[in-house]
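Same chain, two partners: chain A is paired with chain B first, then with chain C.
And then the complex of A and B:
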């Protein structure tokens, strides 16, 4: 029997979905080596593995047969779970990277490091306030910074880590808070720091102090909260909750859009 | 690809195609593509992965028997448990908190703090999570969190926007809670020290987002979720609330009345199980991106595998709106190392256009997410105007450099430091060149049905965050999910605390619900070797797996 147009479209769309699935296979399932043309050799904890040249360190380790429990979180450069140290062939330099955000290179020697243990000081900003003395009380080691800049060099987010430490020593919390803002708390700076400063906990405290004490209350926010508490919108909500989806749709369609 | 020549991070042939994007930019700046008519939208939506044929089937057992859901989800619901209930010793209880919280993202962590604020001592709370505390979808949110606090806005307008975004399938009373709590939960974050973007007078800098009729997106650079998560987690640690990492829940526990009274955990490193007996259990396990529905790549974190839905379903919890899946229109399609990762919608709000191989802006960049995604799929696979990467993936250009043209030199760097950094790592300068994008699996719209207080239909079981269903209806708006985590994390924490304080009598610990579920699977004739929850996806190479020997 002749297929209807609808059936034909349906088959075509199904076929498109299959093609999309097929094209994404290398990132949604394990990689089939038959499909790989370009290879590099890397050394994972001392052992050589041949891996596809196109992968991140994380994907390459998986291709080689590692299944992560530790060492993988967001897989996108946001969580810091995949801190890695490596050396390149013929280089003396020890480099740091995020395994999920770094492409493999031929001859890399790499180890993933478990998250370095670090004591997090416990504080209560409401009671203690946010002065420099409070920061020093909880992080006395910050005074030991020798300005070696090792932390800055280790940071995979390319933050000016040492400058932030120096700013804290000067009491410039605003600078430290703003310039450490993109810190994903991977801990790579801290494992390299000769003064054993726990940068990521320290920065966290300073950012919280800045966010809490360094900016004025937001006027609009305060006002709106008060209105809600006073029940300003109750009546209208009661009405809205009684409407049918059709009636709501009408309101939605007519709503005014104000974006500037 | 060693024999390919690369220029500025792109293979030569792709780089040549980029020139067309540069050439057409100034013309495109003047003539923006109009929005589609409703009919045009309907037409293009037919190719959306949610509406294209295949991909879904009916659930054959459990409370939602007869509903449809993606095959990958049904596969997990129609699967056998990881444990044999008879082999689990429920007499030796390892932990006995008042409140057990499963999932250490924004929702779970917020719930812990509010339970603590409402009379549950820190040591009587236990948070368990699969990876490290905070390794979650929450840290990845870039765009922002919605809250209607500007004078020309109101919770009412936020309500209407959210209902419309969800195709009016949302539970209205739950949405009301979401929007009315929004301003106060933002204040809570500010008082904890979260740094939202502000202008020189201290006012929030609020941007718009797809589907929102006002500017109400509270952002913290392009690291909003990270900022919210790490602040809340820091406070959690200050309070000394116990947390077990790498200890996912693999089954809930029920007592003879069918109440949920804790969970079975599995220590991923030692492989032993642990029993938690708790008066109240809050489920906050997040979404399902790592199921790679319809073979799509995902924006989600490593542990987004739908575990919570599976566990709750076996315990009798009702699900809703599991039939729709949110695909983000702009996931990275090149380079190979970052396929599927998110390019935030804010890039389009800020002026970036979506452009085909001929340099045409074929769709307005601010169509609703499903329409935008469908248009990109159509361009690549029906009109054949996409760009194909060396590994065979098709995509279209997202013309990011336009942002600087619209908003002034330096805007990209200032607004999107995270994006600039990510592409930089792979040799691509997004302030200069466009990037290749294709839709990516982003968000679980539905989940375990909640009421305005975070309660489910099962006594003792509370939910918050992406694992829950009802607040977003069939489609979530950008900025409403971090809000969901915060608002319903707080509500679930408070409700669970009150429930505990009202005096909960726990009967005998059982896995009766699991046994019953297995019987139902068998009676329905579901024969399969599938087991769930899956906990983590498996990306090991095929060759290695073929030769693997399980010794220990």
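And then the complex of A and C:
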């Protein structure tokens, strides 16, 4: 009998988890070094380490003995917590990457920059409105952009970061909101920017402004909020809260995933 | 005729009246100004330091975009780019000259841009919309399209500095320019010459020294009134702001001062072509020009 889509999805999920477990073996459990054929030398904060050749930067750092308290999150390229800067052997270019998404290369020099220091501005769009003046008030440095495009080159999500900044300068929040949508706020653009723009906070503000003032209200959202307020899902929530972790995991695995 | 057009940020925000009136008037004259599909800041102010190459990146990147429009066939063999904003015109044209006159500068900039851009060949020409009107379209042709001549309107042209200085990039004689005068005559208006037409409007001093700029505006506008003009016409969004919006501060400092309308030349062109309210956008002018216009034209 042919497998259902649900079964296929579940199998694929388990398969991926198995592969991740396998590749992390050298880090998590420690293995006999004889089993590893290929090795490279990398320099973490200037100190040389011999690490297995197929690891990601994050795994390699863990193999070398680092333990992440910050600077590691989803380990799947979505959370932006493991921003890293590095140079390759014999190359002048300073490169940027997510440590969990990039593989080690022999002779690499690297350091993780898990946080781009910047004050998080506090604003109230209900009171302040969503005009260009409000954006300039909280992020005046955006006007210092010289269009060098270094931000775009730094982005591990390959967003057109500079184009978004430039769109903001001419009040085109729609472009900036839509084109910065996949920003994971790793902050690498802001670390590299010669104008010291804080792109990731700025983009978030512009997305909020666009969501609030730039697009018509979504009727389905209003409907759903009303349903929540009327308690439509209360029973379901209570049921979930009473389940054991094992039962929850089982439900999670068997959840319905609709693929287009 | 299709020709690349660089707008700049001001035309998309506070000077929408300059853009809409210009684009629609150009259409009447058979010219399609095609906005660059992708563009960034012009550079805002031309950097005077000869080794300050990073501030040339923005303007040169825009000129590369014009090159791309030709490569992609958006325009055909059109190496010119039309600019409406005087500040953008000044910055783009000077940067263009800056790299054309020294190949080493161009090479350095191209090397820096080479990760993401094709090199700038140095073949683009930056022109102002007034130059297109004067040299390509011709004021005779403009006059032919006039439906509602501005015959009772006495207008004082005001150039400011950016279209005329430095001399190497001037679109006209920097001492006694005539291009706005010729255009206004083609539109049927009466041109009033004033001795302050190329005087400084105060430029960016307006950001933190409003009162100083208000005094400059007061002098310029009084001179306009003494010369017998009803209104002022300019091409520059910054001059517009300093002469028009700053009249609020002028009134505060000089209570006897009576406001006087300031127009973009393109607004008057659109008006003479009778294109309709939505292409004049007088609502964006600080001093409402409608009372004057209904008295003199309608």
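By definition in this document, the second predicted complex is superposed on the first by the 185 of 260 C-alpha atoms of A that agree within 3 Å, B and C clash if a C-alpha of one lies under 4 Å from a C-alpha of the other, contacts with A are read in each partner's own complex, and residues count from 1 in each chain.
The definition used in the following text is that contacts are C-beta pairs under 8 Å (C-beta built on N, C-alpha and C of every residue); 3 or more make two chains touch, one makes a residue touch a chain.
It should be emphasised that the depicted structure is a prediction, and the values quoted were computed from it without experimental measurement.
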Quick check for you: in the superposed arrangement, does A:171 touch first (chain B), second (chain C), both or neither? second
For A:163 in the superposed arrangement: first (chain B), second (chain C), both or neither? second
Could you tell me if A:149 is touching chain B, chain C, both of them or neither one (first, second, both, neither)? second
Between chain B (first) and chain C (second), which, if any, makes contact with A:132: first, second, both or neither? second
Once the shared chain is lined up, is A:107 touching chain B (first), chain C (second), both, or neither of them? neither
Set of chain A residues, in rising order, touched by both chain B and chain C: none
Show which residues of chain A lie in contact with chain B when the two form their complex. 9-10, 13-14, 16-17, 19-33, 37-38, 53-56, 59, 62-70, 72-79, 81, 101-103, 115, 120, 122-125, 157-158, 177, 181-182, 184-185, 204-205, 207-212, 215-225, 228, 233, 236-237, 240-241, 245, 248-249, 251-252, 255-260
Chain C contacts chain A in the complex at 7-9, 12-13, 38-41, 43, 54-55, 57-58, 61, 112-113, 115-116
Chain C partner, complex, touching residues on chain A are 132, 145-149, 152-153, 162-163, 166, 169-172, 194
Applying the document's contact rule, which stretches of chain B touch chain A when the two form their complex? 1-2, 46-47, 49, 52-55, 131-132, 134-136, 139-140, 147-152, 154-157, 159-161, 163-164, 168, 172-173, 176, 180, 183-184, 186-187, 190-196, 198, 202-204, 208, 213-215, 220-221, 223, 225-227, 230-231, 234, 237-238, 240, 246, 268-269, 292, 294-297, 299, 301-303, 335-342, 377, 381-382, 391-394, 417-418, 421-422, 425-426, 536, 538-545, 548
